[in-house]
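Chains: A, B, C and D, in written order; residue numbering restarts at 1 for each.
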């Protein structure tokens, strides 16, 4: 592996699914420290399932997940937060009837008492001024993009080392998408690792270091983002069928 | 006018008790989808804890109240959740409904068989006196109940909105899976709501038993009142349950006086049916968001 | 020739969000039309609007030239429009055969004859044929809930054909189905299409499946039709690739 | 053996034995015993009706007791006024059919707990009317001296005669319910319960079937009431309070919702067992309530479900023992072959 980018997260042969349905059939990949890695793949490839499995929301039936050298397979979200991992799921995940400030605050619920939550909230509001403006309004009054910002800010409250972020751009205006991606780039600059699932593959890969292509629960390609961007097979993959001949 | 004020205030007092019971009922529904058909019996029981403690342990009234509150927390809170709700949740709503119906029969029969089937006099927490306000005679009990219930509601509000713990409980009710992602111990939060419910019903029991006397059938009307208050007010709002309870208490009292004493119980039921059909989300509630 | 299904300018708004934004298409008799598009492009909403599950904000739907917008799904079904759902939708407590009989019984007789007449509404034969056709004979008497996922998917599709529909709308028939089952399903669908001249509209994410099955494909993105053509044309259409990969 | 337990022949045998037992029993029992068994049958009929609405069509109703009450008052009042019993009987069913149909409308708008509360409120309203409208119902004094029918010269006044009459009517009503369940309607009801959206897309007019499920279940409840009135010959509003509705609900679930025999078993646990379990005496209800809670915890499909689970458990055991026997035999074969090869 690259010397300056050591592996921070590794999945080894993960099998997981819902009930009788198996979605992940031995997913294996590595994520390098302080990079943005984007997972792409057609619908049903198991992208969101990977995140749920990493974050202990779905039981891995086989395989191991390692974070910073320790085995974190099938542990609780609480433990993972303590390890420095946070998860921003797809869709809207705010508490609509709580105020913006209180939504933020709950991001620190699992924090040890040594951390001053109020200071962290203050810092988050400095970083995202819109949240200060709306601090005492119900979170449901925020626009879609603002809600996503709130979610990210909430996830960042504990200064995570690794962020799992699922489809951050869905339902956001292009301007908002740009802003979200800028935040992610800033985080990377500070040494945070980001693993992202994104449907908007092109723009996501443009800000990424690495890219992973998932298909039917398996890692199909693991390349640098640039390689993937220039690979015509990626486009074809989404439309099916044409991958085999060139891949061989 | 004096008569109206009198009826209104005493209705408000009963309504305040309904509201407490309805708030507890709704908290359980919000955090764990428990429709507690034994909620009425939960209000009936703590009074008998008090009587039992006085009779068997030979303690005075106030120590007995302490014991009763403790017993409520343990039995109606902890044990109820652990022994009945938890094992049943995976089976869905209907088996849990049936279980709580069975529980209500169990509690009722237990009191009847092991204590008494007769109505028992129950000491009020403060001596009863009549106060004269604007020409109306209002019992000190009513005022006391209103004060205590308001204090309880304010306290609960302070807990739910004013503390980090309370907000974590709200978060659990609003979106348990996200709460879990943030590391909120969802299970413990749900347990807290069961304990809060136990406290609320104990309080209601202590206030209503001096008026109705302690009797094993008290739960029948109280449970129904709590459902109605919760539904009329809106299932997803604490303040809805409070408003629902107060409206119910007042309407019941006024209807008994001005419409028909015999159909006193019918008015709230008709109100319930109309609200469910016309505004299923309740008067104060928001419509649940459509999931497509 | 009148198209079997003609959808004109369907628009559906949820609050401020426009899920389907003026979609028009038509399907001719015996044709298999595919609808593809990235997640959230409005495919399922479009289906639900066409089938009366949702009331479209605007636009009209015609079956055989007749206006059917806003008709209830059961009435539409009796006009010969059948569908499957994205998620599994069989009746787990009924046997496979009963699932199929149910799918046909409302097309026969009246409420009265269904109460007083034959127990199977005279459909056992037809159900058995369908069971055979979809190769489910070995599980015909088992409860549908006990079947494997792939078998349930087959049953789900079989149910849509019980009443001999003119038009079948399939919502992700291949989702979650393994490869053997998949080719089996495709082959069955093509057989019905060839034998009975049945018309299909298919929403599908599995591109191999949809490209092999369909005569014509329309591509939806952000609630609008962005391309239409044969599978080969769609595959090499840069706009389509862009829709999937983002800009 | 295990296959026999689920076979049609076995079910037929049990059914035949039960019928013979019910026919022979009166010659051995005292009038009180007969009254009890007749009570069981009447409750079973009411539960059969609720099972149609709740167990098959999946529409929760807490008003079945009210329909039994409406049926009983209708028959009681009419026969007291001199109307022949058969006409009163039919009127009870038709009246409940109509009211049940109307009660079905809320089910088109709301489901689950909301529907439970609407029906619960309805049940209590009916009770209040029975208690308060003295001009019609005689209020809290109830109806007394309800005559037992004379049919084609058969006077059912004596306990034994009335028992046979109840048995006959129960059999007819049970047959009707059985017929509905086995008809395409029964299938449509199950579809409505399991997946109304899919049912609708298959042409099932869920609206009409929902209303029908309520109307038919209620009318069976009304017929049960029409049998109840001449059986007890005296009743008052309290007989039909919310408690009866809740009891009927428990019977259906405890017996096994959505199964034909479930209501019979459920009614037996409520009506027969408490009288026969001498040890329990006054504490029966407490024990019963506890058993219900335990049953729901471990087997929410009721006693029938418990039985099915037991049978499938036996079958599994048999299969696995057969398998191991087979494996053993194969193992010996192999050993034998190896031995042969070695020589």
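Criterion: a residue touches a chain if its C-beta (ideal position, glycine included) is under 8 Å from a C-beta of that chain, and two chains touch if they have at least 3 such contacts.
Keep in mind it's a predicted model, so treat the numbers as computed, not measured.
Here the largest set of C-beta contact pairs joins the chains B-D.
Distances between chain centres, each the mean of the C-alpha atoms, put B farthest from chain C.
If you average the CA atoms of chain B and of chain C, the two centres end up 49 Å from each other. In this assembly, the C-alpha centroid of chain A lies 34 Å from the C-alpha centroid of chain C. With centres set at the average Cα position, the gap from chain A to chain D is 54 Å.
The centroid of the Cα atoms in chain C and the matching centroid in chain D are 39 Å apart.
Along chain B, no residue makes contact with two or more other chains. Shared interface positions of chain C, i.e. residues touching 2 or more other chains, are not present.
Within the complex formed with chain A, the chain C residues making contact are 38-40, 148-149, 175-176, 205-211, 234-235, 240-242, 244-247. For chain B in complex with chain D, the touching residues are 35, 84, 87-88, 91-99, 101-103, 105-106, 109-110, 113, 220, 224, 227-228, 231, 262-263, 265-266, 269-270, 272-273, 276-277, 280.
Interface of chain D with chain C (complex): residues 180, 182-185, 187-188, 190-191, 194-195, 197-206, 208, 212, 258. Residue ranges of chain D in contact with chain B, taken from their complex: 60, 106, 109-110, 112-114, 116-118, 120-122, 124-125, 128, 131-132, 242, 246, 249-250, 253-254, 282-283, 285-286, 288-290, 292-293, 296-297, 300.
Chain A makes touch with chain B in their complex at residues 55, 57, 77-78, 81-82, 87, 89, 93-98, 102, 105-107, 109-110, 154.
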